[in-house]
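Following this line, the structures themselves.
One chain, chain A, appears in both complexes that follow, with chain B as partner in the first and chain C in the second.
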Partner chain A sequence: MGKIVMSDNVQKRRGFIFPPYILLLFPAVSFMLLVYAYPFVSSVLKSFINKEGALSLDNYFKAWDLYLKDILFTFSITVFNTIASGIVAILLAVYFRLHESPISRFLLNLYRLPIFIPFVVVAQMMNSFLAPHGLLNVALAQLRLIDLNNPLQLFNFIGLSFGFIWKLAPFTILIIYGGFQMIDNSYIEAGRSAGAKWFKLITRILIPMNKPSIMVALVLIYSQIVGTFTLPYMLIGGKIPTTITVDIAHRVNYFRDFGVANALGVFSYILVFVTAIYYLKTKVKEVK
Partner chain B sequence: MSNLKLLSIVKKYGRVIAVDNLNLEVKDGELVTLLGPSGCGKTTTLRIISGFLSPDRGDIYINDRKITDIPPEKRGIGLVFQNYALWPHMTVFQNLAFGLQMRKTPRDEIVERVKQGLKTVRLEEYEKRYPRELSGGQQQRVALARALVLEPDILLLDEPLSNLDALLREKMRFEIARIHRESGVTTIYVTHDQTEAMVISDRIVILNKGKVMQEGKPKEIYEKPANKFVASFMGNTSFIEGIVKEIDGNYTILETADGLTIHGIGNGIKRGDRAVIAVRPENVQFLPTSKNDSREGYFNIFSAKVERESYIGEVFDYQLKIKNWSIRAKSSVANEKPRGSEVKIYLDPDKMPILIE
Partner chain C sequence: MTSLVLWSIADKWFWPNPVPQSIGLDYWKQALGIQKSLAIGAVSIVPAFFLSLMIAVITVVIAMAIAIPAGYALAKYKIPFGTFILFLFLMPNAFPQQPIFVNLLDTFTKIGLAGTVPGVIIVHILVGLVFGVWITSATFKSIPVQLEEAARSVGANSLKTFFRISLPLAAPGLLASSVFVFITSLDEFTGTFFIGLPFVITLPMTLYSSSGYNMQFASVIAIILLIPSILFMTLIQRVLKAEYVGGMG
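Up next is the complex of A and B:
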């Protein structure tokens, strides 16, 4: 009895006592702190330090003056490609969920391939495919849809979008289709017996029931697009407008200007901040 | 009011015949139950009627209109699922209104019909709730209301009570029977629970391996099973096997290998047939063991030994041994027979069907 009373007193004095097994978390937490938290906090802090080593907003003013167009370009390309990849993914995932045929089975195996191809390879492929005399322009010329002397210029917003959708839609399908598979057939059959045709079935039942998976998929690809460097660097490079990631590389490689590079990094964080909060909220809800 | 006809329906999965030449007619306002064990073809039949499966052969008619090739959304059939299948992102009101919206019903009429539907299932207060905020029984009633609000020609219920606990299931049986009576909709009910089928149905169709074993009113099926399968499926039946020794007036006499002679009722059975006699616990009467019993000398009186006794509340449930045969019996609580005791029993021949194996 005495022992229990003592232990209660100790609890009251010291508050919560960490159980020893909490040490098991140490490797994972220290890895996260070292590899993610430290660089993140460090880059945010350094973005407020000017060349003279004083605290200031100079880097932000400079980044704003020089790269506002690129920030807006990054935002617009991110939003556009997130939505476009989402639409492509939803359409294909719905097709896979509702249609059982040799074609759908073949496509179901095929769509996963781009997930395993790195961005640098995708960028190289797109370079050859979308070039002024690349496969696409040559094919269109063969079909007499364009004149090869005046080919489509695709190393811009359009080409970049082509690359992003090609690479990211499959990953989006993977998550969204997984969500659709979780929906029991009875919900779909209940909709059909109630008189719903395919469009209503998809928009009123399938998509709302799979909203969490769809939103998580969109948040993940949104963050990925904001942070992608290789594809815009190899397709657009230093042309204006380009993406924030290319600008960061430019500031570091040519000017050793880590202050402005960090400020640009903070702009990227701001772009993904809202979606990150949504993602975390969804995950916490799932755990609860 | 509508009637349904299934003509020579066949459905195969590879070499397995799920539905084998099924013919069925359901009259206006009738509630017919498809009863059978797992894999007997009852759910396949339901899915064929609803249009989610195509038959390999045969036709389906509603009010003499052929619907075999009509898609599910145009058949005018209401479906209630085992898992309720209420759309979780919609409130109760929205769940009920969905089908009406699909039919482009005016807003005022939707409100009125949804309210009427909820009234039918006595859930008027719950229209703003989401399915997750309802109990299993309430969800099932919403599912029923969702199907009824569309005023379907035919209502199909696929094991709608299997996910409920025993008490609620019993309550819901009567609730479904009441709703059916009030709505008058022609209904097909699928279940593997014979008690449920007996309580709810106007008519029961017993299926096994895709074939109709027997169809008829619950009492008729229970009391006059057509074969051993039906007898075993309906009630807690024990069987005694033997050969038909003689047909004596109203009774058929079965003789077992160990020398028992039992009188029963046999239809279409010939002398020399191998057959079984179906013994239901409620048809086993315990006789006083004194020699003064007035039925002494009657046939179907046997000595038995109590092998097992279980107290199940309102009665005692026994397993008795007559020679090499085990049969189940029941007695009132006041008339307990201890395990190991010798008893005398009477098997009323009028209640002992003799069936071909």
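Up next is the complex of A and C:
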């Protein structure tokens, strides 16, 4: 690539117009090739190389033996939270779209807050909120719903889901509500005058007309949940079962075992494969 | 959801002391280095704060310097192998990034970049660059071609057109994307965790290391990290359309 850039200048002097986008794209593309594409490819390749440096599936067998439970846990966490965030988001987006009141306007401003709060802060919030003697348990005990000597243990599937939905549902609302805003009022009024109740309005008009943005939102949060390291690491840590991302960190930090870490990485690629392809396809179509 | 938001904020306000019988600013004082404490995890966060700030500023400058030309090229030219280049900038959103950091750690260890500030900056640029390119590209795309053609027709060359027409018109979007990259760098956890630790300790790292040992202290840092994010939100509501935030995924 370096040669091309030099010949670009030379050729310009001779009066030949070299496409300027090569020069414009060169720094960013070469950065991405070096710091993104190269590690991406090597993460896949190195997962097939065992400790002796030979080509083998050892890393996969080991990852499968040790972490099958965690792979399934990651998958179920991801699917559950994608669907749950999707349902919460669709209901709230519908509410914002169909109701105009001071309360809905207030909520409309408020709901965005978690989008901008980084995962590490969300994790700390959830740590203090969901802890055995955290705010949630203390509050429930005050209401005499639980006994503080036997508090709810929430640093598991439930607590993690709580954190994910808290952080990701707002982002999902943002995209889906944006799509709902594009739908002309006349469709909704036509539906209403034809006697459709709110449930029918949602399932027959709003969701079908807004399918692309709902799909993109779901695909994005699905990929994000699979790849999130901070929240499960700080909330669940090394307990069993935990997520793939936490296992990768353990493999690297305690054992310097890049082979199995990469095999686990490939498992996480496989988990997002379908959604990733869908995302790439829609995005490329959109840009072109 | 309101209750969640309100709870978490109430949570934060409570935390300098868990039982509101003795609310105090002791932990704030410790965090800001005014008061010394021997408790685990209670170190002054002032150095970490300035380190985070420095890394974020350098990241913004470098990332935007390479993102603006790339975003412009993607918006204005028809590029051969365009799909491949688009893929390159889209894949980090579609696939988990953690394996990338793990392999960068492997490479960086060999070339002596692991555990150094430049190594961390490179990772932050990687995370920020993708957003930077997409937001700038969307911004340049929203500028009508006619304006640029008009400038050219009155004799401006392409460089002059860019600096006199496209750049000023794109300024709000470029500013927004710089702020975006800045916040991303400030909050970045996973990449710094792998590449930076144990030597490069940014603000999110101090939060991580005190979380679980010293809850009050961790909450103080969490609030400090929260402030720029909330400021950004008010900014985005005034200056930006919602479409930019879509990149946050």
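Observations on the model:
Everything below uses one rule, namely that the second predicted complex is superposed on the first by the 259 of 288 C-alpha atoms of A that agree within 3 Å, B and C clash if a C-alpha of one lies under 4 Å from a C-alpha of the other, contacts with A are read in each partner's own complex, and residues count from 1 in each chain.
Methods note: a residue touches a chain if its C-beta (ideal position, glycine included) is under 8 Å from a C-beta of that chain, and two chains touch if they have at least 3 such contacts.
On a predicted model such as this, the values are computed, not experimentally measured, just so you know.
Contacts of A:209 after superposition: chain B is touched, whereas chain C is not reached. Of the two partner chains placed by the overlay, neither chain B nor chain C lies in contact with A:78.
In the superposed model, A:193 lies in contact with chain B only, and not with chain C.
A count of residues in chain A touched by chain B and by chain C gives the higher number to C. Contacts of A:59 after superposition on the shared chain: neither chain B nor chain C is touched.
When the shared chain is aligned, chain C comes close enough to touch A:32, but chain B does not. After overlaying the two complexes on the shared chain, residue contacts for A:242 are found with neither chain B nor chain C. In the superposition on chain A, A:184 contacts chain B only, with no contact to chain C. The residues of chain B lying in touch with chain A in their complex are 50-52, 71-75, 77-79, 81-83, 85-89, 98-99, 102-103, 146-147, 150. The touching residues of chain C, counted against chain A in their complex, run 1-2, 4-5, 7-8, 10-12, 14-15, 18, 65-67, 69-70, 72-74, 76-77, 79, 82-83, 85-107, 122-123, 125-126, 129, 133, 158, 183, 187, 189-190, 193-194, 204, 207-208, 211-212, 215, 218-219, 221-222, 225-226, 229-230, 232-233, 236-237, 242-243, 245-246, 248-249. Contacts from chain A toward chain C in the complex involve residues 19-21, 23-25, 27-29, 31-33, 35-40, 42-43, 46, 88, 92, 107, 109-121, 123-125, 127-129, 131, 133, 135-136, 166, 169-171, 174-175, 178, 220-221, 223-224, 226-227, 229-230, 234, 245, 248-249, 252, 258, 261-262, 265-266, 268-269, 272, 275-276, 279-280, 283-284, 287-288. Listing the residues of chain A that touch chain B in their complex gives 184, 186-187, 189-197, 200, 204-205, 208-209, 211.
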